[in-house]
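Presented sequentially are two complexes of subunit A, the first with subunit B as partner and the second with subunit C.
After this line comes the complex of A and B, so read on.
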């Protein structure tokens, strides 16, 4: 299973590449909307890029809505990774 | 030239958006690539016989239904001669390998009765299917006009359920599977890629009633042109928009291939989204978005034969659409390896009723069969006026094949149909600006995210059937949403639904 550090690195790499963001700006405390300039129209592309990169599905509306910062995204993906790996096991 | 809004494309989506905007006092210019407005709703005439390309029958035109309500609001319903199918009107589904056709009535109750009579052991499956279709649509504002639009358009979408998984678990009867999957013909996606929700949105419309229009799709176009003219909307034909002008980061106008420049505050583009990247200056959209809209997988195309009976008329004009379909879930081919003769064949007519003397009336008969782009790709570089003889010969062979099949399926008299025109994916690509000749635009399928009306370029909006929903109803609603984004989504929706 992928370590959490590895997961964080992969999130940053995916967002930097697919959404053309500056990797330096993708700090854990950076907010997606204000700091990174993503808007609701980017949400579909962001979700699709992350789902593809991690082979996981964002299947919970509430937790996705609660994402504000890059760190929130890390935490959500770590939780998803654990639950979806548990499902497979 | 200057206006508030430029609408690109004059199909039902563009006409709807333009009419809504004009009604709210916006000055609107429609820019159309061809010389005649109307897109896929236009009719063409061969030897005096009118034929419809994109409009054969539709749902959503009953009392209180969304299209009726929208057309009432716009003032076009009163001038469109809508004709409901009578209670016994239906799709007659002949299933390959089985004797007696199944009648798919345009009514939940009659359809359920027919299915229970024909498949007495499958009562639970039938109830489950019809119940699910109705329940899904109860949550969709276009079928439950009490609901607001915004949560449906902007909200979180549940992961879609695969239609194939659902139907496979529901029943093992290949005949019943074929019947339940058959509405896929009306949105052009192979069952393996279709979602239950999209299937429901199309099927539900027909299970609640089907309608034709005297004069076909052209009557709809003419009605819209009348009210648009009254509202002062300008239509510029024979101009293809090549460039969206951007000033200060917002849409500011369009430039056409003939050098026309129209300045405006908003632009609605109703064509296939794959053409957007070439029209918009670089750097406006993220590459991931451009990749997504350029890579959209398309719906099936069609082989179409537009024919008339020779001297003897093949039966009365009836209120039946005839389908010969493969058993199981193979209603649409996934690849061109499926032989044409094993694919669904549909037979319909552009005019019903009022045909006192069939012999003198030349009732047109239309045969449709799904086609895939890959089987015609070898002729792709040719234009409308430069098709090689090999293509023409191949078209003739196709027509012969489909007419022979109609004779086998529906009676010897149909084997003598005289073809007046034949359409292929190339025809639809070139006449309708449909990439790959796609009959229903980009697929609304599993794993594909179609773009919505809003884009990252302020003042630039998308409409058309590739965005929101498919078909005539879907394209009209996409027009409603794109105009609604400019005028205020919920306030527009509120005004429209007050016409119920």
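After this line comes the complex of A and C, so read on.
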């Protein structure tokens, strides 16, 4: 199973590529809307790119809406990975 | 209130010769063909025309930020880059663009066909919208070019998207002319764009109107020629800045020419076939509005796309309207049929002809079809006094449009 560090690295790489952002700017505390300048359309594309990259589905809209920072996204994906792995087990 | 005079003060182009007005003019004046073989289309079952005049690849990421690019198919990129060039050429600054006194009229045949392809490639196999990116609709929508130009350039005025296939940019220019005449806008960015795609060439192939001379791309299309066998589709974006004469004078802008008439009629005869009488009516309406006589027309820029039916019908209509001696040519041999961009790109070349006082001949016209030779078909670059010119563009769907342009004499 992918380690949490690997997961974080892959989130950063995926967002940097999809949104053409400097990976350096994708610090855990960076906020998606204010610091990184994303808008509602970018948020859609971010989810599409992450779902493709991780082969997982974001099926909980509420927790997705609560994401403010890059770290929130890490945490959400870690939880998702654990729950989907548990489902498979 | 008297109608305002409408002049052209800016030009911008993305064409099969590359980015910018300059490469377009250089290619045309050098008598080069931008048509190339499209062997990659051989995989498409049933497609017999493997020819096109695509816009050469360019570094779009360096020219447009992702925030703009994400909602643009190729055609909207062409249109936006051409609009940026036209605005710069006209010397219009950002503060003026934002006043709401400048608008946009830019059309295309459809939204981006390559974006349609991407969308349906995902959507159809499993009937899912999962994985569709947010920008796709904005590339596909019919007003994609106009909307993206407004956003990219910070334009707050009237936004229109005349959509009538191969006559889209003629109608866009005509519409801009009407809006400025009426005093609704001080200036309008007008034109059109389209992109090369196998499905578009396929449309012409289905109705047996696409050229099949795959082995000799530079020798086709052949407008007015006895050996012509149909259209070769091209891609690009052409934008001109129309402006009221008083605004242009007030700014001290360079004036390329004046638009003095616009004819726009439907033939209501046949959805696909050309109609000589309606072609003539479009020209006559434009001339009536211009208050010019046939004797004053120095040149006709023909739509002539090298179809079997279209070229002779147009030649006959031209001969009937302005007589058999008025020099006539088509630029489709150089850049193919750029569809929604055609009228605008061709008008840019036409304005240059007015500047240089030279007529560009039809490329690949080696042996004029006697049915087409009823008009005076120009075969080589001719020095000529050019003041008033007619510009035809027609489209499937019965659309017949004509513009009259005039050089301003100092």
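Convention: the second predicted complex is superposed on the first by the 89 of 89 C-alpha atoms of A that agree within 3 Å, B and C clash if a C-alpha of one lies under 4 Å from a C-alpha of the other, contacts with A are read in each partner's own complex, and residues count from 1 in each chain.
Note that a residue touches a chain if its C-beta (ideal position, glycine included) is under 8 Å from a C-beta of that chain, and two chains touch if they have at least 3 such contacts.
All figures in this text were calculated on a predicted structure; none of them were measured in a lab.
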item: Partner chain in contact with A:13 - subunit B first, subunit C second, else both or neither; value: neither
item: Partner chain(s) touched by A:2 [first = subunit B, second = subunit C, both, neither]; value: neither
item: Partner chain(s) touched by A:61 [first = subunit B, second = subunit C, both, neither]; value: first
item: Per-residue contact with subunit A, leading partner among subunit C and subunit B; value: B
item: Touching partner for A:41 - first (subunit B), second (subunit C), both, neither; value: both
item: Subunit C-contacting residues of subunit A that also contact subunit B; value: 19-20, 40-42, 44-45, 48
item: Interfacial residue positions of subunit A with respect to subunit B in the complex; value: 18-20, 39-42, 44-45, 48-49, 57, 59, 61, 64-65
item: Residues of subunit B that touch subunit A when the two form their complex; value: 154-156, 159, 286-289, 292, 449, 452, 454-456
item: Touching residues (chain side subunit C, partner subunit A) in the complex; value: 61, 66, 70-71, 130-135
item: Touch list for subunit A against partner subunit C, complex; value: 19-20, 40-42, 44-45, 48, 51-52
